[in-house]
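For reference, the structures are reproduced in the following blocks.
Common to both upcoming complexes is chain A, partnered first by chain B, then by chain C.
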Partner chain A sequence: MATSDETDDRVGQAYRRRLRGAVGRATRRSRRAARPLWDRFRFARQDLTAATPTLPRVAYIFIAPFFLLFSAFLAFPVFYTLYLSFFEYRGVGQGSLFWIDLGPLYLEIPQIAQLEFIGLGNYARLLSNELFWQSMFNTSYILVIQVPLMIGLALALALALNASFLRLKGVFRTAIALPVSANLVAYSTVFLLLFNEQLGFLNYALAGVGLGPVPWLTDAFWARNTIIAAVTWRWTGYNMIILLAGLQTIPQQLYEAAEIDGANRWEKFRYVTLPQLKPVFLFVIVLSTIGTFKLFAEPYVITGGGPTNSTITIVQYIYRQAFVNFNLGYASALTVVFVVIVSVFSVVQIKIGGED
Partner chain B sequence: MSGINISELDKVYDSGTENVVAVKDLSVEIDHGEFLVLVGPSGCGKSTTLRCLAGLEDVTDGSIRFGDVDVTDRRASERDVAMVFQNYALYPHMTVRGNIGFGLKLSTKLTGDEIEQKVENVAEMLGISELLNEKPKSLSGGQQQRVALGRAIVREPSVFLMDEPLSNLDAKLRSDMRTELQELQADLDVTTVYVTHDQTEAMAMGDRIAVMDGGVLQQVGAPEDVYRSPVNQFVADFIGSPSINLFIADVDGATLRGPGGFTYELANPEPVAGHDRVSVGVRPEDITVVEAGQNTADVTVVEPMGNENFLYMEMAGHELTARVAPAVRPTEGTHVPFDFKEAALYLFNAETGDALKTKTDTVDSAVVGTTED
Partner chain C sequence: MREQRRKDAVWQFLTYAFVVTMVVVMMVPLYWMLVAATLPQEQFLQFPPRLVPGTAFLDNFAALQERLDFVRTIRNSVLIAVIYTLLSLVLCSMAGFAFAKYEFKFKEPIFYAILATLVLPIQLLVIPLFLLMAQLDWTNTFRAIILPWAANPIGIFLMRQNMKSIPDALLESARMDGATEIQIFYRIALPTMRSSLAALAIILFLFQWDLFLYPLVILESADMYTIPIGLAQLTGFQRIYYDQIMVAATLAIVPMVVLFLLLQKQFVSGILAGSLKE
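On to the complex of A and B.
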């Protein structure tokens, strides 16, 4: 190492001669002091590496755990759902699908279920099922109102929090984002109590200003709005945080350039903020659309899908078919259709929004 | 038409807990069509001054006038200025055409066709016509720089403000753009304030340069005046590359005694009268290597540049740089005698840094200057 230090010194000499000020020298000295220990560690590590035998294709061993877990818990269920959607479920499996007799070791994979092949029967059934269309309508209704409302609100809050004049930004940011940490069932229960028609706080407050009780949970229109209010309350802060992060990445200089170009507040928003925020906006829209489309816990707890199925969502309908009625084949077909719809939504949004 | 008058400008940043003075009592008069360069080290307040001129920062105290108009309290968009930013600040989602035309679209009543025509004229002037439909991210640094310039020029403002516009370009492109920018400014005859930390750029481009340090304007003047007659040690040290050689010497009558046995007899001891110690400054080009002399230094590094050599020397721990003819090439590690003319000598007050004496030697190139006209 001595020789390398010497060359280092000779090369450094010309440079250091010209490097005025003590700063460069000071950092160099402190680096020197820590060097012997660091070097010893580095040599030990290099020796260890040299002594370790190399295994062929060792990289595959390292990545294998992921693929094993992924196959067992994600890939298999996905494909099995698709498979199941062409069958009618008859009951729990009996007998073996596959076995190996190795004397003392007997390996058996049992049949998962008793199935009857019905081709596209499940798909035909869902198209003519009124409750499927009802759940589709409910979900779409909630989606069309809730997502724009929530994102608009989140953007407004993010813009307000990003403004330079506001004090206590951290407090507001945390307070607004806090609902996302609420447990789904717990917060739904709170909403259920708040919106209770006889005992709820909301109707109590309305009565206080002379307004009649609103049938929050027993009227189809109001029940959907109750769900929308709950979901919006929980997720607005989350989206606001993402939009706020996006706002903060917009270079200040663009606003200054726009200011000099004569842009007013609205024009800066229109020509700088919105185009710069587009990728983040798209992310928030796609994520919120998927999230609201998957809506389950809120209607399950707050309205139970009622009154008369007017708030039942697609996922809730799938849940009923799969785990209440045990129509596993039919539920699988519903799931497949659901996944296709969500994917189409996302692709369309990305196609529209992703263009430069 | 529109000169600039900055009068007793103060800018204080109030962070709540402490006040940071960025610019202090700055007054300067800029003539119409003049190219003024604000130069100084990082944090000297030059960019803040420019931003105050642009209207991007409020002024704490003092006034700014463009021509006869007091613009101190006007918004940036009402000042008729155009600014070129260091990072260009092009709108990433707009094409070059959109970027250049944006200001016209927002702040004039021109029709779309008229804007289009102006944009195309400017693009042609800058040689970027074929890039009009590109987005900024597909352009090189030099091309982006041109677009940023185009955006400023197309508005035909009364004042150009430039904040280190060339510092993101590579060396070759930078010197090309330097010339081009000067020609452009001379053609357009628009008052320009140009901020840079690069003294070479300042010397090369400015009609006058204003040297700032610590928020205070040190000196304003033609580049050569500032170089030859700095008002203080800071200006002398900042202007010139390689930097001026500076060391402390004791005054003994007409004799200066410096480190490592350095002695120098002053023919005219008047500037040092009444001082015990002074700061001695010698420009690298004024040091000559001689056959024999009283003062010597150890040569540590010789850098042959082709057209000249830089000698890095040490005199009792004090570094000296000399800029000598390419034929002068002493061996590294040797001891060489050196000398310089008294007329080339700078002397500064050792405590305050104020200039006591500056260059008085005549410039040989004066003849060249007259033939040019």
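On to the complex of A and C.
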């Protein structure tokens, strides 16, 4: 009583079983290739509809949009920067690098840039470039002063806001964390005015206590300190929030036990708080270090890198080389060096963060 | 005993003094910004400076508007940040769901490839993206700003972490009821993710809102500027009009301060989440 439908199905099953069975991968592939194009398409579609647990294919649909954008605008550029760092940039690309013409299907990858291979030339150039070392020095200077200052302030504030006797905790915390919401360029313009030598509030306030006008923006030493002050204002609250969250995870019993042992305020801080807070503490230090290496908006707006490049940062130097001088190959080599430095710290950061 | 109490009182006083000083330090720049934005230019240039806000905000705003259409600049920023946030939320939650709840080929390598980019600073991408956008003829467009970070590694990471906590039994029972996988995703998975989606939305919005270097390279004409680019351009003119710049800075900062006050909890959880795995 076999209807023709059932026969068809049995044939189909046998065919599929044969395909999926002991036949080797290579033979299967060659047999498929021998089939006419339309057949291949039809069988592929049957396979799609026949597969009962469709889950894996659905998963690909779910990740496809993310993955496409990720590949085009994140993964590809990462490798392209590395590639570019071995070349001298000669201008915008013309024509195509690669194309396939299959009648209805025409795929073209345009040449992205005209390049001349120079090997490690860009790296040799940056190592012997004074401005590169100047930018490294400026960044290190800001790092050595600003990060300890800010973390110290943030820790003191977090401890104060964690103290049991303090009232109005919410108000204080909100007020100190408020700069976190300020746009980087916007707050930089405010500091540009605040530290203005003639109009600025700061020099006015200093004059009030009999101190002469400080050349905040026109003297190398003071310009660096202006950047430090600005960055500290913007990020102290941010670090305080993280440290405060860390403080609140320390079990109260530890303090009680220390009190029973007769520990004073300093001893409780030294032998309970600090060891308990160590991972969070290390974490904010690494985070701030990375942040300092990435500084760009503040020096760009407040000092323009000046006076005489005394506040130029690495990212700002890259920006100048890439988009003012259009040395895109050289700037890519600088970027690679910058990325290596930041990534090392980021790996440390994730290691610390992962321990929680 | 009395000695101890006096010591405590001194300590408490010092703590209060320190905290209040820091609050004042944090408030001075913002207050000074408001003073400068609301005083007429002539009064602001006087010495000693006035320390009380004036009433010339709208006049200064009109003067700013003549030099740079800042209303349009704000509109651009809002438009870009909102579209970016929505798009990225969709992409990250979809992909995060797949990585949390499905098994598929190359799952691990793909996920670790995405995770690896977390350690890379975004400044790395500016040069290649600039060349790519020039080649696509996308310079000076919003899509060049919106698309590159729509596939945000932080977003996919957070979404995967949170989606893992959705019980499999819940999804399975929906499957039994005949729901398609897409329906399961947006009818069941997404609604349970409301609070993490909100936290991620804030991270994404602020990321795009504060983006500076990349738009500086991509956006060329004044009608396309975002707030950071517009502000930076205002400080680059021959003569700097502080009153106008402070009006622009006020317009950039005050709405975000209000948002911060309203959504403080989400901001803080955003900071903690972002800081943990940024």
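Quick note on the criterion: the second predicted complex is superposed on the first by the 275 of 356 C-alpha atoms of A that agree within 3 Å, B and C clash if a C-alpha of one lies under 4 Å from a C-alpha of the other, contacts with A are read in each partner's own complex, and residues count from 1 in each chain.
We take it that a contact is a pair of C-beta atoms (placed from the backbone, for glycine too) under 8 Å apart; a residue touches a chain by one contact, two chains touch by 3 or more.
Here the structure is a predicted model, which is why all the values come from computation and not from measurement.
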item: Chain B versus chain C as contact partner of A:213, first or second or both or neither; value: neither
item: First (chain B), second (chain C), both or neither touched by A:267; value: first
item: Chain touching more of chain A, residue-wise (chain B, chain C); value: C
item: Contacts of A:279 with chain B and chain C, given as first, second, both or neither; value: neither
item: Which of chain B and chain C A:152 touches, first, second, both or neither; value: neither
item: Contact residues of chain A, present in both the chain B and the chain C interface; value: 356
item: Chain C-touching residues of chain A, taken from the complex the two chains share; value: 54-56, 58-60, 62-63, 65-70, 73-78, 80-81, 84, 92-93, 110, 112-113, 153, 156-157, 160-161, 163, 165-166, 172, 174-187, 189-194, 196, 198-199, 201, 204, 233, 236-238, 241-242, 245, 265, 283, 287, 290, 293-294, 296-297, 300-301, 315, 318-319, 322-323, 328, 331-332, 335, 338-339, 342-343, 346-347, 350, 353, 356
item: Partner chain B, residues of chain A touching it in the complex; value: 13-14, 17-18, 20, 251, 253-254, 256-264, 267, 271-272, 275-276, 278, 356
item: Partner chain A, residues of chain C touching it in the complex; value: 11-12, 15-16, 18-19, 22-23, 25-30, 32-33, 36, 44-45, 47-49, 90-92, 94-95, 97-99, 102-105, 107, 110, 113-114, 117-121, 123-132, 134-135, 147-151, 153, 156, 181-182, 185, 209-210, 212-213, 216-217, 227-229, 231-232, 234-235, 242, 245-246, 248-249, 252-253, 256-257, 259-261, 264, 267-268, 271-272, 275-278
item: Interface residues, chain B side, partner chain A - complex; value: 54-56, 75-77, 81-83, 85, 87, 89-94, 102-103, 106-107, 135, 151, 155, 300-301, 303, 312, 314, 319
